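A, B, C and D are the chain letters, set down in written order, and residue numbers restart from 1 in every chain.
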Amino acid sequence: MPMIAVLVLLIAPLLAGGLSLIVHRSALLHAINLTSMSLLVTAEIMITRTVLRDGPFTELGQLVYLDALSAFILFIIGAVGLACSLYMRSYMDDQVARGVIAPRRLNLFFFLFHMFLLAMVLATVANSVGVQWVAIEATTLATTFLIAFWRRRESLEAGWKYLILCSVGISLALFGVVLTYYSSLHVLGNVSEALNVTQLLPVADQLNPHVLKLAFIFILVGYGTKVGLVPMHSWLPDAYTEAPAPVVAMLAGVLEIVAVYAILRMRMIVDHAVSPSFTGGLLALLGFASFVTAAFFLLIQHNYKRLFAYSSIEHMGIAMIGFGVGGPLGTFGGLFHLLNHAFAKSMAFFAAGNIHRRFHSVEISQVQGLAIAQPWTAMALMISGLALSALPPFASFVSEVQIVTALAAQGVPGQWLTSNGGMVTFALSDQFSSLSLTGLFLLCSVLAFSALLYRITGMVWGTPPEGIVRGEGWTLGHLPIVVLAAALVGFGFFLPQPLRQLLEHATQILLLH
Amino acid sequence: MQISPHIGSQLVDLCSALLLLTCFAIVAQRRLSACVDLFALQSAFLVLTAALVAFLTGNPHIYIAAALTGVIKVVIIPRVLKKVIERLNVKRELVMNVNVPAGLLICGALVMLAFFITQPIIPLGFLLTRDSLAIALAIVLIGFFTMIARQKAVSQLVGFLVMENGLFLGATAATYGMPLIVELGVFFDVLIAALIAGIYTNRLQDAFDNVDTNHLTTLKE
Amino acid sequence: MSVSTDSLFMLFWLLLASYAAGILLPFCAPRKPHIQGMVGSACSCAASLIGIALGLSGLVAAEPLTAMLPAPIPLLAFAIRLDPLASFFVLTISLAGLAAAIYAMGYLKEFHGRVSVATLAALTNGFLLSMTLVVMADNGFFFLMTWELMSLASYFLVVTEHEKEDVRHAGFFYLVMTHVGTAFVVLTYLILFQSAGSFSFESFRHPEQALPEGMKTLVFLAALIGFGTKAGIVPLHGWLPYAHPAAPSHISALMSGVMIKTAIYGLIRVYFDFLGGQFPWWWGFVILVIGTLSAILGVMYALMEHDLKRLLAFHSVENIGIILIGIGAGMIFQTYELKEFAALGLLAGLYHTINHALFKSLLFLGAGSLLYATHTRNMEEYGGLLRRMPWTGLFFLIGAVSISALPPSNGFVSEWLLFQTLFLSVQLPALFLKLILPIAAALLALTGVLALACFAKAFGISFLALPRSAHARQAEEVPIPMRVGMGILALLCVGLGLAPMIVVPLLDRITGPLTGASISHKILALDGWALAPGTVQFSSISPPMLAAMLILSGLLGLFLAVLLGGRLMTRSHKTWGCGLTLTPRMEYTATGFVQPMKRVFSTIYQPTIKLETEFLEESRYFAKQRKFEFHIEPVFEKYLYDPVVNAFWGIADRLRILQAGSLHLYLTYIFVTLVILLLFAV
Amino acid sequence: MPPLIQTISLLTAQVIVLLTVSPFLVGLIRKVKARLQCRRGASLFQPYADLAKLFRKQPVISTASSWIFTTTPYILFASTLSAGLLVPTFASQTPLNFAGNIIALVYLLALGTFFLILAGLDTGSAFGGMGSSREAIVASLTEPAMILSIFAIALTAGSTNLSTIVHKTALLEGIVTDPSPHLMALAALFIVALAETGRVPVDNPATHLELTMIHEAMVLEYSGRYLALVEWAASLKLAVFLSLIANVFAPWGIATTLAPASLGIGLAVYVVKIAGLAVLIGVIECMFAKLRLFRVTDLLGVAFILALLGLLFFYILRS
């Protein structure tokens, strides 16, 4: 049974990609897209049930490894992916109708989209760290053209930067993988499974800590580039601004999270050999860097897509702080925050897409009176804005409070500066320093909140400028928005049992069982 | 025939050293086509190293890896790059972000850094490949540095590929090759990446009518 | 008298249910604005009535009602606890809620066709619900959740008329300020969490390891800033005069009347409940000083306002100050173990809390009625409305008398208690405090009289003499529901003024546990007919008696008039206008009325006056027209808010350079990061 | 005599005394001023005649005004009279002692002021508004000084209930221990009294020059019985303040028991005392010119400082 599910996971996108190249009617393309997505989701649900029932398992002869964590990531991929596909229906047709993209290029678009999806699924289910690396690199290659899809100068520039920076980052990650292998050889011998998580985890405590430290740094910097952690984030705002809305929704909603997942997987191994405070410290460091930087950059945004891009950086930072601080609370909060961010952010970009279609501008100053011009979109924008500024009743409020509480209670795990060179040591886990970090956290969240809502309220309220059509009919593209909103509100008050179990098991896994 | 491990390791070290040397050459070289040639040469040395390791350890899949490297990095990619260079008719790197002597100095520093970092973990390595891990890291860093130092898109690509070489050296020399499936994946990715980059340079040329990446600064705060 | 927990629990569920209905039903109702409005208001009426019952029974209940829903998410627990303190605030909220809801039935007509009435009604219910839950919450996380919901709901209500630029600005200003406040509240709870290891209020009361002194101080300051921002203490009051006027009037009434009180609740909860009333003397002193400042500055800025709703908003600042004076004095006494006096101070503060809730809501509703009738908020365009809107006028007058603390109103009683508290400073050991408290009393007196002047202006200019504009001339009395809404509050104002003997014992049930001294039997002299804090010898007052005296001597006056004058006949004639017929332009304007104040207190106002005269061509002796402009310096905006904002903007602006667009730069970032991490972190 | 009857009779007595004495004080002050200005001046009992005449005249109501205008005189009268009932006059133990302490008295007077201000605005004439506005500022400036001086007195007597203060001091408790704070408070309260009752140097009851008048401007539109009530209330206020000062600072001779004899003596002494104070006021009115409105602040500032000093002295002397 799980076997089939896994096969479906891998084959559905592959098949869909292949088909998208040959069929030529957009309706058909969408049909294929939706079918494969829904197949994916069903498979995902089956897998979740299996995982929750009888724990982690491997399939296809050690090639695939699935546990609660990967199931959780798959859940996000499935949910956001499905939402995107629903949204694309109206969006892409509109693009074609307005002649922004030639009809025949739809094939390419959908092909790349499915490849992108496939690569992400693979990266999530892969047992071997190496294969995971290959998959993640593949996501870069698949998306670089999607980002530059509107062959404008800016989009080309954005695509190029994305390609170069991410490839470089990923290569560094590869070196990390090599080092991991290097360390595992001595324990497992020169076997082809020596990179498999299933093989590594049991023996992880025998691996050489020093090599693993090096490996983790390379992996962190490498995949961190993909996540968009400061200071490896520079490609992100450009790419998010230039790419078509559904693509950005996927990038922001899913790709980042897959990359985070890759880092967490590596961390699980490293933590066995090295004290968790090492990895935790690094994660928290980059997390704070991202959070602070993004908070300030949010203040000066005049382009709503860039605004959301920076808010992505911010929230990845917050999640990283959660993981860095660790402990049941921090980790749970981090995972939960990933989910909430995925939903809120994809919603935000759907809204952005609609706005752009109506106002033909990404300048915030050009957009006003959304509540009158596009009530549904206005609602979506407002809700996502509130969720992204972590206000109740939205789930992100809960996760953020969990994270900040963990931070205040435990502080950042200390001594990540004790190096072989005998560097300065300071532990950031006593009451006052953890409080000061909490203060920093709160300050940044207030800044981000003000910046984000200043822009969003500016767009939503008021009266629309002359020559803007008023009113907005209901389309299929609005369905995902409503569903996501409902989910965000719902999760703010109670988590459905399976989801909660999934989260708790994933937390357990990350906490070294 | 049989070579004593000691000599074997000497040989491997020698090859790795040659790789490193070519790196310096690339950093010093201003003419793009020459850079590409040097890259091809470096890849050739890489093939040599891989073959040597394969021969000494006698596990076959390194041969495959070596062969692939030969095909992709010695033949295909340099070809593509040459084509691109001809089409864009950019002969020389007129301006660099870092001038050559300074660049060389920095690279020296990077090599030292690489040795400093890897020194505590070298003893773990196999007898054959004492220092190649350090060298591999050095090459990766130098490649990275080249990408920063050069302005033309093509030379940045070369830098990227040099990084890849370093990685491959690390993979083969230090660990006697990654699991095959991974190797294949990596090669596939590198190939695609190079091709995509090639296409991009063309498009950039069309859009900006030059490939000086310093002009790519419209997107900023 | 005690109430069974079950009945309380049932009431609580009923409350939730009816608010939930109020949130949902308006959308289900047919698409007719007035029906939607009616449905929503009806639900909130019902809910408020239940809330009143709940509050009253909670006050007299033997032991507090506690309920705990299963925690759905780690750390988050829906726990409620209805102790006397909470019940008191539930009662306050529900009273104001009831009036506002009834009022809304008429007032919502103002919005038909302009905004979605259903949303408005639903939000109102949500707002009331969240406020009720805030004071009931028994878990820090849950508290924060409801607290933020409250802010959010009120924000959306404030921007109801978002087409207007100033409304948008007001809304955003409010949103940010309240969020800053929340951040500090979060900090407060996190510090408590550190030593308690849980968010439950019970663990805050009895933490695992005791809170270090430094941490206590931090808690004090964080709570002060956090809740103070919501309460609108000087200098964090900036948002009130913008947000409260912007909202629909019945919402302004709720915000100004009760929402800012939730902050008072928070302060008392943290200081007296969590920290167990153990604090150094300077805490109380700080609160006292802030309270006095807020009171004085609040009323002074109010004097200069001619926008009726802004004026009322500034008076909220004043009254919050007065409440804080009581609490601060209480804290000082608590420090020196003078528990009974502490209880008295706290009691006075709480008494004033509910009084202010009543008369401020009443006044805002009155302002709403004026707005409804004249469609302007500018006092200078009112005038003569007492004849056109007799009921509104009467209710507004009662409100004005109460807020000016004139006998026999409720405001008088609470301020009187406050004065007594301050006079009891004789008993304090420290000379410094012995002197500070009386000075606070003097300033409190000044505040009182300025408030009197301010409301003499507000009422006199708006309701008396001739109409000053066409708006005022066409004004008509407002519909019945609005009058009823105001009437209820007016009655309550009078009632709470005349019946302290009922109120005080109830309040004592709150202050007793908090301060450890029950004082109602001491305060109530002459079987309840008089209040005598300290002793009857020291000071006593009997509001009912005073009322009786006033009425009797009034009658005596009437009797004398009849006795000495015979038939009471009058002749009516136009006011003598020095030979001209009297026109509104001859009347004293609000600006003119406060001109002396402006001159006397010019050091505070820093007024800038601009007078442009345009002369006739023929002669420089005859002015064609004159343009008179006068502004008072917005000190706090200029020297506090703007600099902070600009500082952050500046930093952000300088950071632009990081994202300069050059690929090489970006590569360098990664490179450097890698190298540094390799060097240091390994 | 059963206590209730006793109480009521005492009350009525006090009401009658206050009502009858107060116009006399006004007459007295006028007489003194006239004499000092070398005029013969009107008879001491002129104010009674004025009141009687005014009551008989039919009042004219402005068409612009509302019910506020017509009810204010009654409210004013009521509030002032009630305030009077809290102050001991000839007997140290007023039956309504419990009903309100000195703060209640202050706020009762404030009630009257409030409605008077409204009435001033009600007619719509500029004079009324001007008077109201000035009354407001003067009132707001007197209040702090008043409260502080009251507090200083309360400290020395250990009570804020007037009757208690007077009774104690009359039995020579407290007063002798520390005269200096008492003196300060007395000075402060006296200045406050001048301001509150609208006498020179703060206001001039005799003038009808619009630039200078405060109280007179507010009541400018009143006539007939309304004016009568307002005037009577004004003189009542004067009486209240004078008896306050007289009895609090010099309670000697006041009836501390309810024996008819002592009551008689008390009454006589009381009349003498307040008459003396009235003369003093008359003298002051002749010696000083009215201050400009914006100079009044200085005067009341002085009062405030005096009261504060009184407080300080008290604590320093006690500790």
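In this section, a contact is a pair of C-beta atoms (placed from the backbone, for glycine too) under 8 Å apart; a residue touches a chain by one contact, two chains touch by 3 or more.
Because the structure is predicted, anything quoted here is derived from the model rather than measured.
Participant: Have a look at B-C versus A-C and report the one with more C-beta pairs in contact.
Facilitator: A-C
Participant: Could you please state the distance in Å, as a whole number, between where the Cα atoms of chain A are centred and where those of chain D are centred?
Facilitator: Measuring from centre to centre gives 79 Å for this pair.
Participant: Distance between chain A and chain C based on Cα centroids, please, to the nearest Å.
Facilitator: Once rounded, the distance between the two centres reads 44 Å.
Participant: Roughly how far is chain B from chain D, centre to centre by C-alpha average, rounded to an integer in Å?
Facilitator: 102
Participant: With centres defined as the mean C-alpha position, give me the chain B-chain C separation in Å.
Facilitator: Centre-to-centre distance between chain B and chain C: 71 Å.
Participant: Tell me, which residues of chain A touch at least two other chains?
Facilitator: In chain A, the residues touching two or more other chains are 160-161, 164, 168, 172, 210, 214, 237, 297, 300, 420.
Participant: Scan chain C for residues touching two or more other chains and write them down.
Facilitator: 656, 658-659, 663, 667, 670, 674, 678-679, 682
Participant: Taking each residue of chain B in turn, which ones touch at least two of the other chains?
Facilitator: In chain B, the residues touching two or more other chains are 117, 144, 147, 156, 213, 216, 218-219, 221.
Participant: Using the contact rule from the top, write out all pairs of chains that touch.
Facilitator: A-B, A-C, B-C, C-D
Participant: Can you list the residues on chain A that touch chain B in the complex?
Facilitator: 128, 130-131, 133-134, 137-138, 140-141, 144-145, 148, 151, 153-154, 156-161, 163-164, 167-168, 171-172, 174-175, 177-178, 181-183, 185-186, 190, 192-195, 208, 210-211, 214, 237-238, 241-242, 297, 300, 420
Participant: Give every residue of chain D touching chain C within the complex, in rising order.
Facilitator: For chain D paired with chain C, touching residues are 15, 51-52, 55-56, 58-68, 70, 73-75, 77-79, 81-82, 85, 96-101, 103-104, 106-108, 110-111, 113-114, 117-118, 120-126, 128-130, 132-134, 136-137, 139-141, 143-148, 151, 154-155, 158-161, 164, 221, 224-225, 228-229, 293-294, 297, 304, 308, 311-312, 315, 319.
Participant: Once bound in the complex, which stretches of chain A touch chain C?
Facilitator: 160-161, 164-165, 168-169, 172, 210, 213-214, 217-218, 220-221, 225, 231-232, 234-235, 237, 278, 281-282, 293, 296-297, 299-300, 328-329, 332, 336, 369, 371, 386, 391-393, 397-398, 401-402, 404-405, 408-409, 416-417, 419-421, 423, 431-432, 434-435, 438-439, 442-443, 445-447, 449-450, 453-454, 457-458, 460-463, 493-495, 500
Participant: Flag every residue of chain C that touches chain B in the complex, lowest number first.
Facilitator: Touch list, chain C to chain B: 656, 658-664, 667-668, 670-671, 674-675, 678-679, 682.
Participant: Chain A touches which residues of chain B in the complex?
Facilitator: Where chain B meets chain A, its residues are 59, 117-118, 120-121, 124-125, 133, 136-137, 140, 144, 147, 153, 156, 160, 163-164, 166-167, 170-171, 174-176, 178-182, 185-186, 188-189, 192-193, 196-197, 200, 203-204, 207-208, 213, 216, 218-219, 221.
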